[in-house]
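Before any comments, here is the structure.
Labels for the chains are A, B, C and D, by order of writing; each one numbers its residues from 1.
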């Protein structure tokens, strides 16, 4: 039963992260939301690994990839934000609409 | 023992996750996120992946500290002293995430998961290491290149000065007038 | 061989750590006195130790809009992390907890200090402490990568992250002999995350104490204790990693460990006064441009040696 | 020998052509040249009459162009040449120096050449060609003053009528070819098989009657009088009208061979003689009177051809040619000098021009058929032959002779009246009325001499033909004459002629002053038996009606179809264009507008707001996920 519960935990983390990403205006908060979503993925991966395929290392590879993705996402996110901020003092997504249709 | 710790960590993680978007102070939000992710590391640790768990904690701590730095740099109200709602489309987001959560939990309980196949090896760290260096070498290589590309791209994007500004218009100024200090021979 | 100690070792380890820290403070006071030309005397040491009751009874200053929760959290994390990091260190052949990823655990706890100090800096809502916090993060970015590669070289040498295995791998030859760079970088790292001596930049006097500027009362005590505890923990960690832990010809394992730890601690305290405070941006340049390649080469060399020895 | 014949033909034709082409350039020299050519032709004619040359040349495949001067044609060739020379002598008087004399003399010589060829031809093609040239020159000469519309209309009427008749010749030629007479030789025509012979004969008869202005076709002769004087003298008295009669005389064997042709021709000739005689009596204009008399005299020739008396016919032809050309020359001269041809206006013309008048009187007397003049003798020959054929014909002939005497005396009466006192007045009146030629210039001698010569010929020719002396003439003509006129016949005809003349002379002064209440018959006769109106009614109007109908049909049906086709094409094109504009372009524009709308609509999700992108992404992924899960 714990398998499903941990998955629910993962879904919960993912959903809260999603809510944060969708509702927050500040770029930093959105990135925090995304970090939470990836955290959810990591929990799910560990759960799958632990309860479904412990013999194979694929679950762990997914976690490694997720962790790397988290790191890359944060690095690139802050790089873009820095460039954008330096260009126009923009710190919320609402102000950065240039790519509008 | 394992179930109790999992429950504990799960609840704390969710609480911290909610706290991230509930509290006004951005510092508190950041460290709530840190707390949540440390619990995630704990869950992974408890699920029999000690190395990945501790590495996750290690990485999350460094990330959150760096995020705190950026948060102070780019947030209008990092300390949350003037509470203002930086939210928009709250109802929509809530709706969507609730829907997602419902569908995921639905999936979790409806899908008949296959039985566990095989048993965990004695040393899971060795398993992942062997896999990354063996069967999943391609993934490792790709990750390596992605990280390298990220380092270069992030640096280029973040730097205010170009790579050759310091060498002057004719690229021949010596010594180079570099805004950032340091560098051999200067 | 090192195996997990019984439950009471959980209490013994912090006690030993505390004792070590006190010895270090005493040594430091003597060194300071000698440095100042006075004869080191028990009185000076006593006076130094009287700081503890003074801070305990002092009225902590309150600041406007201070983030008390985060401040308290920060101040607590620093010593707690030090204590938690020691749990993994084997004393002689017995350690508190023999984790398979003991090395990574120590590193994780060491990184927690970043969070703790930044929070301690952010908490009081004062400029000097915040700048102090930033200074520690900058210094952390500087020393972290070489330190990590130093630890990795030790782990590669022992082909395991478990400290027991690392100690076992040093039966014949201590790692310090063929990983000198790793050992020195580790010592520098210890000083750095204890922000003492050359790395006292975050708590620098130019910032009126930096992180410690607004700390008063118990907070200040905890922070100060944390610094010296981390120094002792670092020294204790250096022993199993590079100095063969409990291995030694005559004395029992724990005796060797103790001796080696005290030796490293003495070396460190001696070094505190010798090197001027290094600014973080200068040290980050040294660290990233010189130390990092060196440690990478070090890890490469160790890996090649291991492959050769295993292959052959 | 044939060279002589070729020369006889070539001289007139060549000279005529040259003069015609020269036009006004040699206006002064034209009369001299023309006269010289005519004289040359006369000489050659006499030589060819003596030597009787023969010539032939290959013309078409299997058909030769044969010419031969035998007895009959020898006489005619000489006659034609003589009359042509006489008329050309008189012409300069008629035509002023400002006229286009080159063209006139050229045409006259051309006509003479054509007439010579006609009389000497032995095969049908040369006859046909000459026949056509004669028609054409007659048309050109009648319409000589072509800038006068009425004269041109007259020439056209004459030309169309004769041409219509000439078609008979073509019919004959066709029938001959079909009938197996490949060589188209005139004498061989009788050999055509079966029906083709009748067709050929019919064609020839029609052509001859048309050319000789016999009954159904004679109205064109009244129009022919619109031409210049000499033209009437040469063509419409001696030669052209005689050609038809000559043709019938030569083809008498063919007429007899078909059986029905001979009596038909004979009776046509007789009736024409009588009818046209009455018409002549009813005429008030001198030239119209002479024209009608020509038709009736030619009627006698046709009668002779019908009853098979070539010598009588030829004698009649010669005598009539001489007499009638003299009368026409005189009439033409009076027309130019007195400016009128109306008989009352010509009262006393003889006294005004005594020499010319004498010639006119002699010609008229000969025409009347009074003994011992030439026409009386010729007429007796013909009547004798006719009596041998059938008494009816004899009676018809006698009546015609009487009428002939009548109209001749009428002309004589008017002309010989004493000059009215105010003769100048008449001149002016006549001039306007007739639009006459250049006014009161008296006829020169050049006109009088030929008239006198011709008149003398008319008189003395009769003597030669008297029974005693007719031997050599009959020898020339060849073919013995079975019916020599016995004396009582000659006496009877003389008596009839004298009685008719006396009666006319007695009756004329009474009718001249009586009020001119013309009876219906008189008016009918005056109007040339309204043949023209009948022809117009029978042929012309239906032809025009048919033409109009055809034109209407063509306009409405053919043009209509074409117009409708074009209009249909246009409407089709307009329809296609409209369809293209609305249908095709409309569709294209609609598609384009649709794409633009879709594009705009597709851009709506790109709001630039990051969180909305996340929302879209999440919704998208959940959909995908659900699809994947549900589908599998």
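We take it that a contact is a pair of C-beta atoms (placed from the backbone, for glycine too) under 8 Å apart; a residue touches a chain by one contact, two chains touch by 3 or more.
Chain by chain, the UniProt names read as follows: A = NADH-quinone oxidoreductase subunit K; B = NADH-quinone oxidoreductase subunit J; C = NADH-quinone oxidoreductase subunit H; D = NADH-quinone oxidoreductase subunit L.
Not measured: the values here are computed from a predicted model.
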item	value
Selected pair, greater C-beta contact count between A-B and A-D	A-B
Chain nearest the overall C-alpha centroid of the shown protein atoms	A
Centroid spacing, where centroids are CA-atom means, of subunit A and subunit D in whole angstrom	124
Whole-Å gap between the CA centroids of subunit A and subunit B	7
Between subunit C and subunit A, distance of the C-alpha-averaged centres to the nearest whole Å	33
Distance between chain centroids, defined by C-alpha means - subunit C, subunit D (Å)	152
Contacts with two or more other chains, residues of subunit D listed in rising order	611, 615, 618
Shared-contact residues (touching 2 or more other chains) in subunit B	55, 66, 88-89, 92-93, 96, 100
Each pair of chains that touches, named by its two labels	A-B, A-D, B-C, B-D
Residue ranges of subunit A in contact with subunit B within the complex	2-9, 11-20, 22-29, 31-33, 35-36, 39, 42-43, 46-47, 49-58, 60-61, 63-65, 67-68, 70-72, 74-76, 78-83, 85-86, 91-92, 94
Contact set on subunit D toward subunit A in their complex	603-611, 614-615, 618
Contacting residues of subunit C [partner subunit B, same complex]	65, 67, 69-70, 73, 99-101, 104-105, 107-108, 111-112, 114-115, 118-119, 122, 125, 134, 137, 140, 144, 161, 281-282, 285, 289
Footprint of subunit C on subunit B - complex, ascending	25, 27-28, 31, 34, 50-51, 54-55, 57-58, 61-62, 64-66, 68-69, 79, 81, 123, 125, 181-184
Subunit A-touching residues of subunit B, taken from the complex the two chains share	2-3, 6-7, 10, 13-14, 17-18, 20-21, 26, 29-30, 33, 36-37, 40, 43-44, 47-49, 52, 55-56, 59, 63, 66-67, 70-71, 73-76, 86-90, 92-94, 96-98, 100-101, 104-105, 108-109, 113-114, 116-121, 124, 127-128, 130-132, 135-136, 139, 143, 146-147, 150-151, 153-158, 160
